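Pasting in a structure now, in structure tokens, and then I'll have a few things to ask.
Which chain is which? They are A, B, C and D, in the order written, and residues in each are numbered from 1.
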Amino acid sequence: MGGERLIDDPLSVITLVPLAVGLLLMILPRVLPESSAEGLIRVSRNISIGVALAIAAITTLLFLGQWGSIDWTNITQGGYVLQNEAVDLIPAIGVTWKVGADALSFPMIWLTAILIPISMLVEWDAKRGHLFFPLLLIMESALLGVFVALDLFVFYVFWELTLIPMFLLILLWGGEDRRYAAMKFFIYTFTASVFMLIGILVMYFHTDAITGLGSLSGHHFDLVAMTAQDNLIPSEGLRHFVWILLLIGFATKMPSVPVHTWLPDAHVQAPTAGSMLLAGVMLKMGAYGFLRISMTVFPESTIEFVPLLIFLGMVSLVYGAWVCMGQTNLKRMVAYSSVSHMGLIFLGIATMQPLGIAGALFMMFAHGIISPLLFAVAGAFKHHYHTLEIGSMRGIAHHSPWLAAHMMLGWMASLGLPLLAGFVAEVAILIAFWMTYGWLVLLPALTLIVTAAYYLNSMQRTIFESNDPDQGILPDTLHGENPSDLTWHENAGMLTLAAMTALFGIMPFIFWDMMSDWSSGIIINTMIEAMQTQEWSP
Amino acid sequence: MIEASWIAGLGVILFSIGLLGAFTRKNAIVVLMCIEVMLNAANLNFVAGASHYSDVDGWVFTAIAIAIAAAEVAIGLAILLSLYSTQETISLEDANILKN
Amino acid sequence: MSDTKNEWELLVPIIPFLLVAPSLKFLAGWESVEAAFLIVVVPLLIFPAILVLGQLYNGNETWKNRYKEGGIFALGSLALSLSIAIWILYDYIVGSAHFEAHSVVDPFSWLTFDVIEQTGAQWEVSTGFTDIGVGVWIDSVTLMLLFVATFLCFLICWFSLGYMNTDKINEDSNHRFYGEFVLFAIGMFGMVLADNFLWLFIFWEIMGLCSYLLIGFYYWKDSAAYAAKKAFLTTRVGDVFLMVGLLILYDIYGSLDFAVIFDDPSTGVGGMMVESSELFWALLMLFIGAVGKSAQFPLHVWLPDAMEGPTPVSALIHAATMVNAGLYLVVRMVPFVDIHVNGVAGLENFALIVAWIGGITAFMAAAIAFVQNDIKKVLAYSTMSQLAYIFTGLGAGLLFLNIGEHHAGYFVIGASMFHLFNHAMAKGMLFMASGSVIHEVHHAHDHVRELSDKYSTNEGDDHGDFDPQDMRIMGGLAARMPVTATAMMLGSMSIIGIPLIGGFWSKEGIIAETWAACLHEEPLMFVPALLVLATAGMTGFYMTRMWLMTFAGPPKSEIVGHVHEATPWIKEPLIILSVITALGGFALALFGAVEYLGDPEYDHLSFHGILYTLEHAFLPEDTNLRLVGWTTILIAMVIGPVMASRIHGGRLIDGVEASPLVSWLVDLSSRFGSQDVSELADSQLAEALQRRLYFDDLYEITLAKTAIPLAGLSAWFDKNVIDGVIKQIESNSASGSVQVRRITTGSARDYILMAAVGMLSIFALLWGVSA
Amino acid sequence: MSSIITDMDLATTQLILPELLLLGGIIAMILVPNLGDATMRIPLTRVRIPILIGGTRFASINNPKLPNQIATTVLALAFLTSFLFLGEHGEVGNSLQVDEFSRLFTLLFTAALFLASVATTARLPARPRASVPLDTDSTTHSDAKVNALIDNRRQVDFHILLLTTGLGMSLMAMATNLFMLFVCLELASLSSYILVAFHKETDVGGEAGMKYFIVGSVVSAVGIYGMSLLYLWNGSLDMANLAASWKGMEVIDPFAAIGVGLMLVAFGFKVGAAPFHLAVPDAYAGASSPIAGVLATASKAMGFVALMRLLLVVTMPSAGQASWLLVLALVAVVTMTWGNLAALTSDNPKRVLAYSSVAHAGYMLAALAAIGSGLADSDTSALIATAVVFHLCVLVLFKMGAFLVLSMLEAEGRGHRMEDLHGLARRDPVIATSMFVFMLSLAGVPPLSGFLSKLLMINGIVNVSAGTGSASAATALSWAQGVDPVFWLAIAIVLNSALSLFYYLRIGLVMFFESPDTENPLVHSPSLKMAIIACAVLTLLFGIGPLSDSLLDMVGSAVDSFMRS
């Protein structure tokens, strides 16, 4: 990293180290002599979780201001902290290694750093662990890379890079129908993001030259400079077109109806850790990208397409909830509930209120804690009961009280119970939504009832109702064996998530304050101007 | 003196015959001959051009083109032989193990 | 309860809890209001501890016997809350220097944010909307409910130690009960203490959760699981509207803090005048929430089913505390409509809606209670009906306030709050008493079965369809359970409104003022007024019926003979509450609580108040109202009970004597002889009442006809249409691929042909371009 | 008038050193296997001097791996020299021009051939002890000996053909005269026909060769005829001369147009453009994998050089749309769609790769079409050309790499069915992972080099076209209506990439997912394995980071020199 000391560039470290360690752990055993290779394989799980924990610690320290003494609530929107000195990657076409964080990305970075060790913990017994855990580390790198990259090329590279470890996770550790799911997941999201790529390229060749960059092309991928450049794309129609291209990529990742159908398949087949990361972090990439690129660079287009956002958000939310109710597979249900919740994020953004956007940000974060819990529960259910069918058994409260408790907590959090993380986001979004759109708020609000309905229904038909205090009704898949409760590591992972759910429900201001600052920043610095030029009024 | 365009016209006719033959006949040898006809059409053009422009290059081209044609036939026959030795046919249509 | 040690020893661990409040006051020198937050925070620390310890030490003997599976800790934390509540109450009553009319402690910005506003074409950051905070708010209403809540939570927790821990079926899962119980207490205390509508809502939802969990305590029972879901979903419907109400309120006032809103409810954010139409919708939305929580028509269907929960839960949550949350919310709306202070005029319609909903529910619930045979269901409908009374009273009060009659308004609101108090005490006790009955009947049944099992080989026969709550197997229990019978009698009297006993004062006030509103102000109040009047008589009927069916007459099954009076843990709270019901109401009425509760500005207890109240109950100046008052007493005291006695009255079997406190009633009832009502019982009306007026069926059918098919349709649509498109693309690509590959025939001749075709196309294109 | 012989001085030698090396290699390959202890008596004396040719072969010469070693060494040397003298430029004779562009392609060709040569070590196993049968041998023994001998002779044949292919290709890149270009192209093509048909014992070998040869000959005859028309029109086939005439032409002369059209057919076949590509998959399937790899990379690159010369040098108008724009755009779209669709359900990995190679030709043609749209300024044109050349360069890594993996399977007589790839990960995870990397790179997944090149191509198209939509368009729809149709080429590429993912991933899938037919380890061939791993690593390194930058710079300046010519 040039003359810069790595210690001054923690973001690069946390992004690249897991990748390096993961690759080494996968490659070294093939290269080393057999005896030491075996030793390495034996400790690879411990090394992996060690690295993951170290990164979680670093990010936590960064957040607490212990490292780099950063005051997170004081970052203006458009300004980044922990920026490194840009390192040339492909200077000929203006690609640099440039990282930075702000209030938009940091909660996501922290979330990723925390979720990785937790998901490792939950799948502590994974088969072929010497591949599984390094793969998760690689996944961590890819996810972190998306959130730290300030260069669109690098951003896109990481964006697609997340697909590969996830593809392998689904393929190698997935369920029955993993082939189809993995293919669908990969092709579907890849296709969408290639459209996004075209959008990025259009932006790219509208950039002004920066000295020393783009010797070949005369342009650069630097997002910060793009944002700063006045009127990046002069043609309004083209701007809108680019915005739509970007949206295709982001909406598919989120996912929003009608481009959501890859998600349930992927989730049902993915291993628990994969599902957790998929729902916890990968879905947020869509919203993150939207806020980071579409909204910041093209405020006018965003204003122009607010009705579209509302439509997508509403359809995802309402329709997603109803589809959820029609599901009989636990993981499918939870997956559709993710679709439904992601709809709220679009609605929050569409309010064009700092409050609504802060709500959307918090939703990203809260859903990032809750949905991994839900998937951990679903995974454990599958693990101990060998089925995912809702209603194939009753009364797990008797056999697995811990599992039942986590399941209940997770579902309650997901349906927006106060003092759990999801509620704050919901309320903020709804308040802002009322301010902007009035009675239209009834639609999302009434959907909360549907949400409650499907969770309660499922709860009734899994946790309760065995008709016998001493015995649940067990599914056929157990073949008469008695199911066990959670293993200690599953429990530890879920407890952490549950504790975080409560913590951020009771003390949302831990992250809320910086998110709120950021949202005010983007509205005041960019959107208001656009609103005035577009003469927007709700 | 024959105009270059006459020669070129003859070339067109020859070329058309060759091309037509190439995709209507199924005996590989005949197709090879058609290819020769096409090449000769080109040679005629070169010659015509050379005389028209009084350019010596055209003659050279012709000479080389003839050489190429010869090489082609040599190689072609060799390949057809090896085909015949395995599949016992030199029909373009019958040799179709590789398809789709 | 297997050990024979002195049970009081078990209470030692709660002593430190009791010491907290005094030591804070005398050692740390805290003000009572400063300690208010502990009411919520201490249980908040205790409840996870109970759950986790319970899970860890499940089955441990010490944990089971010494700590009652966490019950002792629960009791301790509730005792702490109670002691602090009493401390605050004391300070308030003596008018401590640190008390204003209301007191806000520790406001704290929970969420801060910006909002932008459009002024003209300009968008700018609003200064009005900044944050949502959290703090403690204490005024008279708070205090009343706080006391009710802490006191009843404590007592019912006490009761539970006797009730829950002696049942085999609860063994090893009582920590769950106590944990959720304490969590519920947190919700209730927090809701009462919250200083803004959002936190009110937050704790409101916590209560909803606990209600769900506790109804579903016997999770293995289908009916319990179903009832829990039903309760949660039904209240959730209301809650969603409540939340929408919050959004509107926030938009109007730029804050949800009571301090900000109540400071001047006629002025919204940025000094704008509040329009009554907008406020109407906000309040209506809030009210729908209240309707859901307080089980009023049309969201009432969940409450009877909620009786699936353990009886202490029914007593606490579904009778004494949580269901009052809706009332509390409506009382909180007083400043909005009080045009005497800064209220907004033109909200009469809202007041009417409240009163109408109350009237309808009161009548309907009472009617359904006529035919219930399940002792807890009767009480549940009674609860619904009594809460409806309070709603009617509040509706009338709001009406008065909104048209400027603030004295009448404060009075009827005070009466309503007082009724809330009386009802909470009486109904809590009634449920506990019914619990005592159920508990003992159940034990007796087990005992009988044990005996019979000796002679039969019919093994594996569980409880079968035996239902310990069915009054048709009881009768004559007055002799076997004197304390319970007395408590039940007193409670019923209070609910009926027998003069001089608790509920009488408040009910009287409500009915009289409702009529006053009807006669003097608003003809549309006639329907609720008439309905509550009629309901008074119906109350007399069904409460008497319940008592008589349970305690009077000859025993209806052999089980009765094996019933014994309950344990002290159960008896003690009954006795305490009996005293409060019998005397406390009267005493508070004397203290003028009626006026003082309604008027937050009322800061002196005066003898005037006492006289005014007593006078008003019997002898209002208006002759019409006086007529109403006497009519009420007549039908409630005489017509209802007498009719009940004619059907269900009867002596005990010979040779058995009831305690003198209740024997007079038994004797009295027997004098009205018995009337055969089987014809009536078979009528369509009775059938309709049995089926709860078909509301449940209606909802079920509607849901089954709409929601479930819609969900199925959505799932189908998603699978076959949206994902179908993707699948179609997949299969089309595959078949297209096969088609394309077919062109590669394998014949070199075709290849050449294809090349020639391509060549000609190129010519054509080049030609086209150049031409 | 100078000629190559008269101008042969040191500078020229240095200029064409790689070609000279290749030539030397060919000669050596002819001579060396015949070296022996034969002597010749000087007439009239008794002194016998060794003439080295003939007689009993030297023991070391007898090593059957020798041809392979010679070819590998020569190709490596050629590669190195062209790398070393990358910056040299100058004329050789009057029809060859050495510049960075041609040197870069020499690099590319020699690299591909080098890899093929390395792969052949395992693919065409030599018999270690070949000797002439003796009369005393039994019939079977004698047959075996003969077979061994033949095999070893074929080693020589094969490698000579590799070298001649290389020579033809690399000379072609230098040609400034269209006829010269064509002749060199024929040299390479004719050699490759034989290489395709090299496995004449198998049913498919001869057939593949025959098809490739027949179709190839027809189209090259067509091409030559087209060229002769150009000659008739212009009187010279010097490209600079032709270009000047083309630019000076006011109305398009039918001779010229038809001539160019016919040449497009010929070059289209070389790059594998639809509908001239039909013989391509058959040829790949019948040829040995390394040869298929050469066809897919070097031969395709050769076609593209020819196309670029024809389209960008000869027929590029000084301003406005090129007349071939529509043709090229249509051909591009049809090609990529056809290739991808056909690959989708194909069950032969080699055919899949062949179709994928067709699809890639489509992408590159689309990029070339963008240059012809006349919307690009010279910088943008250079950028697009850079993208295409860069793609051709990195293709050598991952396309060739993929074929190398197949050649490992082929060495054990498999590799023609998808099932042969099943469970490769279990048999050799490193190879399987490399294959997966190649597939992802072919699909254009970042951060692999296939992504970078595809990105650059799409970027080029978007760059020239997206600016064309009406600037005043207020909505996305009106903008989309007004945009130059070239823009939709980018969308076509994107959609096709999506389609292509399916079969690339399928290959990855079966390697990791299915269980193999056999658990035996793959053929032991360290050099090949090293080559595969190197390809995989370079695929990654050329995708992002400093190495990719230097390659881009290299390609960029090469294209600059090309555009200047």
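Going forward, contacts are C-beta pairs under 8 Å (C-beta built on N, C-alpha and C of every residue); 3 or more make two chains touch, one makes a residue touch a chain.
All values reported here derive from a predicted model rather than from experimental measurement.
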Chain whose Cα mean lies nearest the overall Cα mean: A
Euclidean distance of C-alpha centroids - subunit B vs subunit D, Å: 25
Between subunit A and subunit B, centroid-to-centroid distance (C-alpha), Å: 64
Distance between the centres, which are taken as Cα means, of subunit D and subunit C, whole angstrom: 81
Computed distance of Cα centres, subunit C from subunit A, in Å: 39
Multi-partner residues of subunit B (each touching 2 or more other chains): 19, 22, 28, 31, 92, 95-100
Sites on subunit D at which at least two other chains make contact: 210-211, 214, 218, 222, 281-282, 346, 502
Residues within subunit C bordering two or more other chains: 741, 744, 746, 748, 752, 755
All pairs of touching chains, each written as two labels joined by a dash: A-C, A-D, B-C, B-D, C-D
Interfacial residue positions of subunit A with respect to subunit C in the complex: 184, 188, 257-258, 260-261, 319, 322-327, 336, 352-355, 358, 394-395, 397-398, 401-402, 412, 417-419, 423-424, 427-428, 430-435, 441-442, 445-446, 448-450, 452-454, 456-457, 459-460, 463-469, 472, 508-509, 512-513, 516, 519-520, 523-524, 528, 531-532, 535, 537
Contact set on subunit C toward subunit D in their complex: 733-734, 736-738, 740-741, 743-744, 746, 748, 750-752, 754-755, 757-759, 762-763, 765-770
Subunit A residues touching subunit D - in the complex, by the definition given at the top: 30, 88-93, 95, 156-157, 159-161, 163-164, 167-168, 171-172, 179, 182-183, 186-187, 190-191, 194-195, 197-198, 201-202, 204-205, 215-218, 234-238, 240-241, 243-244
Subunit A contact footprint on subunit D (complex, rising order): 379, 383, 386, 429-430, 440, 443-447, 451-452, 455-456, 458-459, 462-463, 466-467, 469-476, 478-480, 482, 490-491, 494-495, 497-498, 501-502, 505-506, 509, 512-513, 544-546, 548-549, 552-553, 556
In the complex with subunit B, residue positions of subunit D that touch it: 179, 183, 186, 190, 193-194, 197, 200-211, 213-214, 217-218, 221-222, 224-225, 227-229, 231-232, 235-237, 281-282, 285-286, 346, 351
